[in-house]
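Just so it is clear, A, B, C and D label the chains in written order, and each chain counts residues from 1 on its own.
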Amino acid sequence: MSILIDQNTRVVVQGLTGREGSFHADQMKKFGTQVVAGVTPGKGGTEVDGVPVFDTMREAIEKTSPNCSVSFVPGPGSADAVMEAADAGIPLIVAITERTPIHDEARAYRYVKDRGLRLIGPNCPGLVSAGKSKVGIMPNQLFKEGNVGVVSRSGTLTYEMVNELSSRNIGQSTVLGIGGDPIIGTSFTDALELFNADPDTHLIVLIGEIGGTDEEDAARYIGDHGSKPVVAFISGRTAPPGKRMGHAGAIITGGQGGPEHKVQAFEKVGVPVANTIAEVADLAARRLGAAT
Amino acid sequence: MSILIDQNTRVVVQGLTGREGSFHADQMKKFGTQVVAGVTPGKGGTEVDGVPVFDTMREAIEKTSPNCSVSFVPGPGSADAVMEAADAGIPLIVAITERTPIHDEARAYRYVKDRGLRLIGPNCPGLVSAGKSKVGIMPNQLFKEGNVGVVSRSGTLTYEMVNELSSRNIGQSTVLGIGGDPIIGTSFTDALELFNADPDTHLIVLIGEIGGTDEEDAARYIGDHGSKPVVAFISGRTAPPGKRMGHAGAIITGGQGGPEHKVQAFEKVGVPVANTIAEVADLAARRLGAAT
Amino acid sequence: MKLQEYVSKDLLRKAGVPVPHGQVAESVDQVEEIARRLGPVAVKAQVLVGGRGKAGGIKLADTPEDARQVAQQILGMDIKGLTVEKVLVEQQQKIAKEYYAGITLDRARRQFVLMLSSMGGVDIEEVAAEHPDAIIKVPIDPSFGLLAYQIRDAMFRADFDRGAFKGLQGILGGLWRVTQDKDAMLAEVNPLAVTDAGNAIAADAKIDIDDSALFRHPDLAQYEAESINDSVERYAAEHNVPYVKLDGNIGIIANGAGLAMMTMDAVRRLGGQPANFLDVSGGARAEVVRQAIQIVLMDPKVEGIVMNIFGGITRGDEVARGLLEAASTMDIKVPIAIRIAGTREAEGRKLLEDSPFTPEPSLDAAATTIIRQVHEKHAAPVGGQ
Amino acid sequence: MKLQEYVSKDLLRKAGVPVPHGQVAESVDQVEEIARRLGPVAVKAQVLVGGRGKAGGIKLADTPEDARQVAQQILGMDIKGLTVEKVLVEQQQKIAKEYYAGITLDRARRQFVLMLSSMGGVDIEEVAAEHPDAIIKVPIDPSFGLLAYQIRDAMFRADFDRGAFKGLQGILGGLWRVTQDKDAMLAEVNPLAVTDAGNAIAADAKIDIDDSALFRHPDLAQYEAESINDSVERYAAEHNVPYVKLDGNIGIIANGAGLAMMTMDAVRRLGGQPANFLDVSGGARAEVVRQAIQIVLMDPKVEGIVMNIFGGITRGDEVARGLLEAASTMDIKVPIAIRIAGTREAEGRKLLEDSPFTPEPSLDAAATTIIRQVHEKHAAPVGGQ
């Protein structure tokens, strides 16, 4: 098993006809993902490598019944694309795009929640259920089927982590990039809930970073509800306050979002926080060995 | 029994310190209503005839536990008062005020619905459960306890109707003025549902008028779900299209809201439509005689 | 409050919606001067009534001299009883396609709705009646507003021109902004046009502002007078009295909108012709009653008045006092019948006891009395021959 | 993008928020001239750093001559490494009470929040740490916005002056409008003041605009340059390269924000001092890599560079090519260690085989190499004595 996506996931690509959209749609198909439709206003009736393009999400749904959308629509239209998917009732909406205006995102987040749907991102690399399906932009060749769930706020760090795990023959159930923006649809806590409910996930790797309190919230969740074993990593531990570290969300402000709290919060609930990606993999291997 | 309000209803008056608010609060108390608090921003800590006044609905709730609000806040602040009551979780919100801007009202309606609460009005005279409680501005002396539910879009016409009924010794369970604005919180259909569920209501008098399609919707509801006996009256049957007949909602526009459809819709589902208020009372008396 | 075309277009222009270059004028000199600047123009009568085109209120002029000439015809002309006092002089548009776009309240859904149709330039109510499928409707969530994807979706469904998509989309966005920012009950662009050059433009516009929200728009106060055609209605509106002019000769005064409508209906049912609808509202004082009578009598066609008062908050004695005050300060030449019930009915009746206004036992009685008197007056000269 | 006080106040003024009469100036002559018009003034250094008051960047002047004199002191002064180039000259306010008001993002709730405190005029983060109960927080529903009753409720709870209630309420409404209309991440009025005369006024203001929404605000583009203190950061921002200046001497280049942070952490963990954070982003081409190296080297303190590339979308060979290109077009005087993994790692390694940039086997190895070389360079002269 896996979380959120698997071989039955039917993906519609918002912004399929763009440079990013068409490239990554192709990569997804190569991974084995069912890419059933694209949406680009004004390009309805065309095709991209055999995938039909529609003007609106409404049409795409009527004609191809997708159950997941992935958006490459640039920042100015990003939130609107999410809302269009939500209004059409897409249960899993993945927003890859970075630079979504935050007020737009606040509205889109609310719009999706009002409808009881799930948003991942924005500003995220998407997700992969190893051996089953990929939605997003993670490199195809890294993954190996297995029982470690990975959830991360950072793209490249996720790849690095997965590479490290796979090279040690530690496979993954699902790898989920939740995104680096200040408002994201799916939190660490949400991801933990999903992984805890997935029988094929035996251990969870959580890659946090400075900014916000999602890591602390996840630690509190683990303390309150328990969890499968978790191994954590926090990046930006030496970042100065007030500076945005690339990600719009990676910023220590008003005494919040600093790394010490995050590390302490995890350690308090028995979650080890590694210093390097290699150390994460070591810890994971040890715990898995102990667990199995 | 009755619908919506009874001897246990605890009322907070929004705008208690104003001319209208204080006068009608006094009238309500004379009727027997429990008026437990008032809210007027800036007047917190004062009293009006022994009723404590608070700055905010939040405080009023904490201190006096009302379960119904009635607002005399003028048009510009009317929707805001409704939203304040809704945010505080007041289950029954009655907005008396007229001249609420319609875009404000659309938002307030949505705000109340989002929270699963009930709004009556705006631009309505409120409601009376005869012998139990009055919320709003209907004249105290008209009512007589009994088994006829009255629901109406017009204030004075309601008084006239109730007077006619009482003078013939036909008592009322609850008399409900739903208001004359284009957007109102509680529709005829909502009122029918409530009356149908009330064992002490044996017959319903419905006083509609031109404008909108709430009467047609009520007729459809009766056709689809059945109802206790209903007798109807429609005012404005000779009004010309495009002219607003006093009520902001009493206007025939774009082929909608004309009286013929309304009359036909009711007659189609077996609801007699009387020509005069006296005739309504005649019909009611006959039906009640037949029913009991 | 209905705005004239030129005001509606001004609001749209300020919201970034392209409208034809143009200017309003009240004299032929002005029209000629404007035409000299704009080139070939359309001269459009500014009256708040449908069908002004068919009535000859819109004419093209290719030269300033032509413009002067057609302005001479249009300014001062009568369209359905209204005198044309202003014309909008606009650059002529070469129109390739005409659509309809409107935002209005969908009362059943309790929210606003965007309506689009590829059948533009014609009466949308006719389209609605004959080709309901040709109108695309999009409900607008009052908390999120009209969203970009909703506009796109509606445009595709209404089969709008893909070549002018961006411009059309911009106009619809602007239409919603105006609707919301200006508290419009209705904002309509018909036709929403695409020119031969492929540009989207609001060729005609109609905006109706929510009267209850006018306090937020002091900039629109200057247009209140020209928004009401009838002079008595205008006077009543200035005095905040809900009054509607009708075609008949029997004046109606009642307290409460529902009661006034019922009174109007009763007069008609009993064979009379109501001259107006007037609501003195709850709690009316003597002075307000006096003023109501004055307003009803401003209509020279009124030959009798039916007053219907049900005392709730309104007190019967106050109404009686108002009526007597009116009688003593005005020279009332028409009969008035009054029916009083409810609060202070007895006191009111007592006050009127020795006056010409003995209260009638019922509304029907009051209406019948006046209808008969008016009828007799008309019959009298004939009978007297 | 952080706005200077004078720009923030300008936005508030346009939204109807009362701010002190004032004008920005860049010369003592201007300051004197402005003071002549305004009477007694405050002269306030316009620098984007906290504590300018304590640093002597804010001074009162009762006459134009005084104003000139204090301006002479403030203009050109250094505050925490920043040179004061502009001052805001404002009418002095007689302040009776000081409050705090701010709107910012509450990330945990995924919505904006209004914060009020009766402890104004001091650092709100200190208040938050020491008297958390003294801050009233109101979550703002993104679909409905900040509602009037929420503002009132918060003001009563924060015990705001009832005498100036209406004015204070108006300011908070304006603050939300600016936050929303201008896409602010943070909009703060501190102190929100009530004058001796009982008027509410925004005595100081701080607005931070969401960089991702700047495309909607072309009017703010002119302030982008002055919003960034460091000249290298400014250059990087103009070229859309995520770059943050740090205090150390080891330059950091990585692809991806998380990876760059990790690299920075690794350098520090292994005993080095990062000079910057730089993210070449996913899919970086050779030219982008060359530019990244150029930006890092613009900081004269940089004595070595650690590059950390994990190829996902980014290809190892492209990065290697960029590095070689940089070496051939620039005179690079500092050592560079590179670690390449992932997509096209082999091809990249091959390209670098005969260059001075032999790839290191791991990030830690690369960092260690550079830290050692930098250390040796510092140690060398000492050793050579």
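Quick note on the criterion: a residue touches a chain if its C-beta (ideal position, glycine included) is under 8 Å from a C-beta of that chain, and two chains touch if they have at least 3 such contacts.
All figures in this text were calculated on a predicted structure; none of them were measured in a lab.
Participant: Could you see whether B-D or A-D has the larger number of C-beta contact pairs?
Facilitator: A-D
Participant: What whole-Å value do you get for the distance between subunit A and subunit C if each is reduced to the mean of its CA atoms?
Facilitator: Computed value for the inter-centroid distance: 56 Å.
Participant: How big is the gap, in whole Å, between where the Cα atoms of subunit A centre and where those of subunit D centre?
Facilitator: 28
Participant: Multi-chain contacts only, two chains or more: what residues does subunit A have there?
Facilitator: 107, 111
Participant: Using the touch rule from the top of the page, what residues of subunit C touch 2 or more other chains?
Facilitator: 141, 143-144
Participant: Tell me the shape of the graph of touching chains, choosing from line, ring, star, complete and other.
Facilitator: Drawn as a graph, the chains match no named shape, so other.
Participant: On the basis of the stated criterion, which chains touch which? Give every pair.
Facilitator: Listed in label order, the chain pairs in contact are A-C, A-D, B-C, B-D, C-D.
Participant: Can you name the residues of subunit D that touch subunit A in the complex?
Facilitator: The touching residues are 104-105, 107-108, 110-112, 124-125, 128-129, 141-143, 180, 183, 185, 210-213, 215-216, 242, 244, 246-247, 254-262, 264-266, 268-269, 274, 277, 279, 282, 310-313, 341-343, 362-364.
Participant: Using the touch rule from the top, collect the residues of subunit B that touch subunit D in their complex.
Facilitator: Touch list, subunit B to subunit D: 41-42, 44, 55-59, 77, 80-81, 83-84, 87, 107, 111.
Participant: Of all residues in subunit D, which touch subunit C in the complex?
Facilitator: Per the stated touch rule, the residues are 141, 143-144.
Participant: Could you please specify the touching residues of subunit A with respect to subunit D in the complex?
Facilitator: 75-76, 98-104, 106-107, 109-111, 125, 137-139, 141-142, 152-160, 163, 180, 182-183, 207, 209-214, 217, 235-240, 243-250, 254-256, 275-278
Participant: So in the complex, which bits of subunit C are touching subunit A?
Facilitator: Checking each residue of subunit C against subunit A gives 144, 147-150, 152-153, 156, 162, 165.
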